[in-house]
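Take this structure first; my questions come after.
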Amino acid sequence: MKWAIIRFPGSNCDEDARFALEKAGLKAEYVWHTETSLKGFDGAFLPGGFSYGDYLRAGALAAKSPVMEEVRRFAHEGRPVIGVCNGFQVLTEAGILPGALLANLNLHFTCKEVGVRVERNDLPFTRLYQKRQVLRLPIAHAEGRYYADAETLARLEGEGLVVFRYAPLKGETDYNPNGSLHDIAGITNERGNVLGMMPHPERAVDEVLGGTDGLPLFLGLLEEVTG
Amino acid sequence: METLAQEIGIPEEEYREITQRLGREPNRVELFLFKVMWSEHCAYKNSRPLLKQLPKEGEAVLQGPGENAGVVRIGEGWAVAFKIESHNHPSAVEPFQGAATGVGGIIRDIMSMGARPIALLDSLRFGPLGDARSRYLLKGVVSGIAHYGNAIGVPTVGGDLYFHEGYRENPLVNAMCLGLLREEHLRRSQASLGRPIYYAGAKTGRDGIGGAAFASRELSEDKEEDRPAVQVGDPFLGKLLMEATLEAIEKDLVEGVQDMGAAGLTSSLSELAFKSGLGVELDLDRVPTRERNMGPIELLLSESQERMVLVPKEGRERELEEVFRKWGLDCVPVARTIPERVFRVLFRGEVVAEVPTEALAEAPTYVRIGREDPEIRRLREMPLPPLAANPQEILPQLLASPNLASREAIYERYDHQVGTRTTLVPGKGDAAVLWVKGTHLGIATKVDQNPRYSRLHPRLGAMHALAEACRNVSVVGAKPLAYTDGLNLGSPETPEGYFELQETLAGLREASEALGVPVVSGNVSLYNESGGRRIPPTAMVGVVGVLDIRRRAEMGFRRPGEVILLLGEEKGELGGSEVLYLLSGLEAGHPPRLDLEQEKRVQEAIRELIALGLTRTAHDLAEGGLLAALAEMTFPYGLGATVEVRTRGSEPPSGHLALLFGEAPSRILFTVDKEHLKETTFRLEEMGLPYRVLGETGGHTLTVLTPDGVLEWEVEELLAAWKRPLREVLDGQA
Amino acid sequence: MPKYQATLLIELKEGILDPQGRAVEGVLKDLGHPVDSVRVGKVLEIVFPAETLLEAEEKARAMGRLLANPVMEVFTLEALKELP
Amino acid sequence: MPKYQATLLIELKEGILDPQGRAVEGVLKDLGHPVDSVRVGKVLEIVFPAETLLEAEEKARAMGRLLANPVMEVFTLEALKELP
C-alpha cells in the first residue's frame, strides 16, 4: 500500500507523516500540490503545517490547489484519505468534509497533550483501538475549533461520523482545548474512508517522542488495501 | 560630504580614517556603506579586541566564530550548527514583528551553514511584570516568536525569561537556533573567482533601511514618523526559501551561501568577497524590487526579510535557478566575484561606489578604559538586612514571583514538537533534548543568564551564566560541547559600560577555560539603554551538548519510594537572590561564589550517574534554592516528597532562610532506586564529592522536616501558585 | 485596460461566535469605551484590470465567492472604483 | 441613548510588506484571476451608544486610534450609522 503525502507550500509536518507511515511499515512518497494525478497511490495523506502561511484562513488557499481534484476523486472512490491538523483544515475548506475550523476560543496557537476519545473502531483508521479508549495525543494549532451548523451537526451525530472527541485525561473539566462544538476532534465521511482530525497521531509513534498512542492508527492502515 | 557624515552620525575621526583608506573623499553612496558597515552591530568596534580572549578550540569544533554560525561534531557524521542573535531594538519598536523577524534572521544564519534548522530557543528580558508596557511587550514578543517559528516549522524547545527593573525601557529579545547537518554538507560564506552571485528569496523594499546602524544607537527620542519602516516577517516565504536553499545544498549545486541580515546586500556581498580574498561587482539594476524608484542607497541598505545570496558551483547555474523556480522564488544573478579586492556597485550602468573590501570589513576598533560604577560596588558590598519570615508562607510566594513562575503559558504557544525530534519538551527537563532520528544521538540545549548576579558582579555573573547553562545540559545527561553567547550590554563609550563589557568577557573566558567548553558563535548588542541607564550586563549563554538518548534524565519525580539525594554543598547564599528580593525588595549583596573546578566535577558526576543508569531524575538548584527546586520536581507528575534539612546549631533566622531558599551553584538534586543507593553513594565517595541523602519521593505533599518544625504543602497548591502569574498575563486581556 | 480597485469585506456569519471580537470588546471596555458588541472581519483591497465597471463588478464578486468560506462567512463588495 | 454602528477599516501603511496579501495575490493569479495587487486588512463592526452622530463619530475615531498600531497601520472610518 503506497501513500501520497501531499506537500503544499508551507506544509511542515510532511516529514513527520512520512516517519509515522514508514514506522508502521507503509510506503510513502511526497507529492507536490501542483500534480494533477495520484496514479500509483493507494491513499492520500494531507499533513499538518501552515500551507500558504495559513493566510486568509488556515487551509483556505491550499484547498484550491490542482492536486485537490485528485484527492476529491480518492474520497469519492472510497480510497483512504487522511488530513491531520492543517490537512483537516484543507479538507473542510475543499468541502470534502463538512464544517469548518475556526480560531481557537483562546485565540492563540496551543501546543500540548490532550485526551482524545475513540468514538468508533470500525474504520481502518481506528480498528486497532478500543471503542471509548482515551488516547494521549499532542495538538498544535491556532484554528481548530470545529464548527458546523445545527443541521450538519445533527447529521454527523446521527450517522456516527464523529471519530474522535476531546476527553478528560484525568478528570479535568477544561479538556476541550479550542472550543470545538460537541468536543469534536476528528470526523469521517459517510463512506468512512476520509478522516480529518486536529490532534497529531504522527507525533506519538515512538517512546522517544514521549508516547505511542498514535501508532495503532498507522498500523491499522497496513492491512487495509483498497482500490 | 563631511557635513553629511556628521548628519548621519559618523564621528569626525572615523570620517578622516575613511578618507585616508580611500585616498580620497567618499561619495554619498560610499559614505552610507561605511556608515552601516562600521556600525557597532556589523563591525564589533568595541567588542572585537575583547572577544579575542575567548577560548575557541575544542575537539568537537568544526567551525568556530566568524561564520554565520558555529558548528560542532556530535558523532556518526552528524554535526550541529548553532548561534544566538539579538533583535532588541526592533522588538522595542514593534514587539510582534521585531521578534518574528529576529527568529527568521537566526534561522537563515543556520541555513547558510548547510544545516536544517531543527530547534529554536528564546531568551527574553523585560521590565517588571507589573508594568503595563512590559506586559504588552511580553505578549507581542511571544506572539511574534510563535507566529514565525510555528509557521516555518522549526520547534521552539526552550529559552529563558527574566523580569528586571533594568530592562523597563529596553527589552531584550534574543533567539537561538540549532541546525542539523551531515559534516560533508557544511557550507561557508565563500566564493571562487569569476563566479556569479545569485540573489534568492523575497523582493527588496524600503523596509528597515539603516536598521543595522540604528540597532546600535541609543534609543532615540525621535518622533514616530522618523522611525525606519518596520520590517515584516513572512514565515511562509521563509519556509519556501529554507526548503529551496537546503535542496540546492543537498544537490551540491552551491559552493557558498550567505544570508542577508543586517545591512542587507552591502554586508552580505562585501563580507563574502572579503572572506574569499576577492572583490565583487554588484549590479543594482538586477535586484528584484517590490517598490518603485528605489535609489542605490535604499537598495544597498534595505533589510527586507527572507533573502539569501548563493554562489552556484560552476555549470550548475541552471539547476539552481530551477530549484528556486519550483519553490516559486526569485533567484537571479546580481553580482560576480572579481580579482580586484573592491566592492563595486553599478546603478543604471554607472559605477556609484567602489571601495576596497578590506576598508569596509575592518572597521577601526577601540580599546577604552573601564571603571566600575561605584553604586554597583556599594550594592554588592552592602551588609544585608536581617530577614525574618515564615518559610511556610515564603515558598508559594517565591514560586509565584515572575522570575520563578511557570513558563507554561509561553511555551504552550510555541509548537515545540514539529519535526518529531523533541524528546524532552519544555517543562520536563532543565534542557531540551532533540533526537537525531536513525541514531541514538541526542542533542541537549539550554540558554541561561541571571541579570541580578550579572548586575552586581559582571564577571561572576557571566561565569554563572555559562556554568548554569552547562549544568542544565549536564543534568539531562549530556556532555556540553560548546556555546554561543548573546552579549547585550549598555554603551561601551562610558567607563562604567566598558568596564561591564570587559568584565563580562573576562568571566566568560575564565569559565570557558575551566569548564573546557569553547565558544563557537555569538552576537553583540551594545548601547542597550534609555534615558542614560545601562541595562544589567547580560551575557545570554546558549549551550549545546550531546548524549545517548537511551540514557537521559528528566526533572520530575516519577516513582514513589525513590531516594532523593543532594549532590554538592548543603548551603545557600542570600546575595543577589530571589528570596532577598521578595522579602526586602533589594538586589544587593555578593552573588554566590562559584568554584569552577567543583562545578565541573559535579557536572561530570551527574552525567556519569545518568550514563550508568543509576538515576533518571535530576534537577539543578537555581533561583529560589533548595525548596524551589524540590517543588519544581514535584510538578511534572504531581508526585510529592518528604525530606529533612539540617540547620547548623544556633544559626540566625537569615541563615535558616539561606539554607532553604538561598542560592548557590554546583548543586544538583536527583533520585535513585533504593537498590541503587549503595552503588551511587559509593561512586560519589570515590569521586570525593559532597552529597547527602535528603529523603524520599511519594505522596501528594512536599514535606520538609526542619529542626524548627515541619513545613508542608499540597503539591496542587504550590502548582497553582506557580502557574498563575504568567497564565494571568498571557491568557488575560490586559 | 482600465484598472479597478475593489474593497471586499469578509465577515463571520451572524450567530457564529467571534472570540476576536470579544477580545477587542474587552480591551475597549477596559480603556473606557463602553461598547455593545464588536465583530472582526477581513478587508481585501484588490486592484485588477477590467474593461467596464460592469465587468469589474462581476470579477470582484467572483473573487469574493472564491475567497470567502460559505460555511461560516459572508462577503460584501463594499466599494468598487476605477483607478486613474 | 441611541446606538450607532461604526465600520472601521484597519490597514497596513503603504510600503509595509503584506505577506498575506501577496499569498492571496499568488493564488488568485493561479486560479485565473489576473490581479495587480492585494492588500489584506481588518474590518471591525462596532456597536456603541452615543448621544449624537457627531459624538458617535468622535468616539469611533478615538477607538480607531486605540486599535490601530501606529507603527504600521492606519485606520479609516468607513461607515457610521444610527441603529434603529
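Just so it is clear, A, B, C and D label the chains in written order, and each chain counts residues from 1 on its own.
Quick note on the criterion: a residue touches a chain if its C-beta (ideal position, glycine included) is under 8 Å from a C-beta of that chain, and two chains touch if they have at least 3 such contacts.
Please read all numbers here as calculations on a predicted model, not as lab measurements.
The greatest centre-to-centre gap from chain B, using C-alpha centroids, is found for C. C-beta contact counts were set side by side for A-B and B-D; A-B has more.
Centroids built from CA atoms put chain D at 35 Å from chain A. One finds 38 Å separating the Cα centroids of chain B and chain D. The distance from the centre of chain A to the centre of chain C, with each centre set as the mean of the Cα atoms, comes to 30 Å. Counting partners per residue, chain B has 234, 236-237, 328 as the residues that reach two or more other chains.
Looking at chain D, residues 19, 23-24, 31, 40 sit in touch with two or more other chains. Across the assembly, chain A contributes 52-53, 55-56, 64, 106 as residues in contact with two or more other chains. Every residue of chain A that touches chain B in the complex is listed here, in rising order: 9-10, 12-13, 15-16, 19-20, 32, 48-50, 52-55, 106, 108-112, 138, 140, 142, 200, 202-203, 205-206, 208-210. Residue ranges of chain A in contact with chain D, taken from their complex: 52-53, 55-56, 61, 64. Across the interface of their complex, chain A is touched by residues 19-20, 23-24, 27, 30-31, 40 of chain D. By the touch criterion stated above, chain A contacts chain C in their complex at residues 56-57, 60, 64, 92-93, 98-100, 102-107, 147-149, 179. Residues of chain B that touch chain A in their complex: 143, 146, 150-153, 234-237, 239-240, 326-328, 411-420, 422-423, 425, 435, 437, 549, 731.
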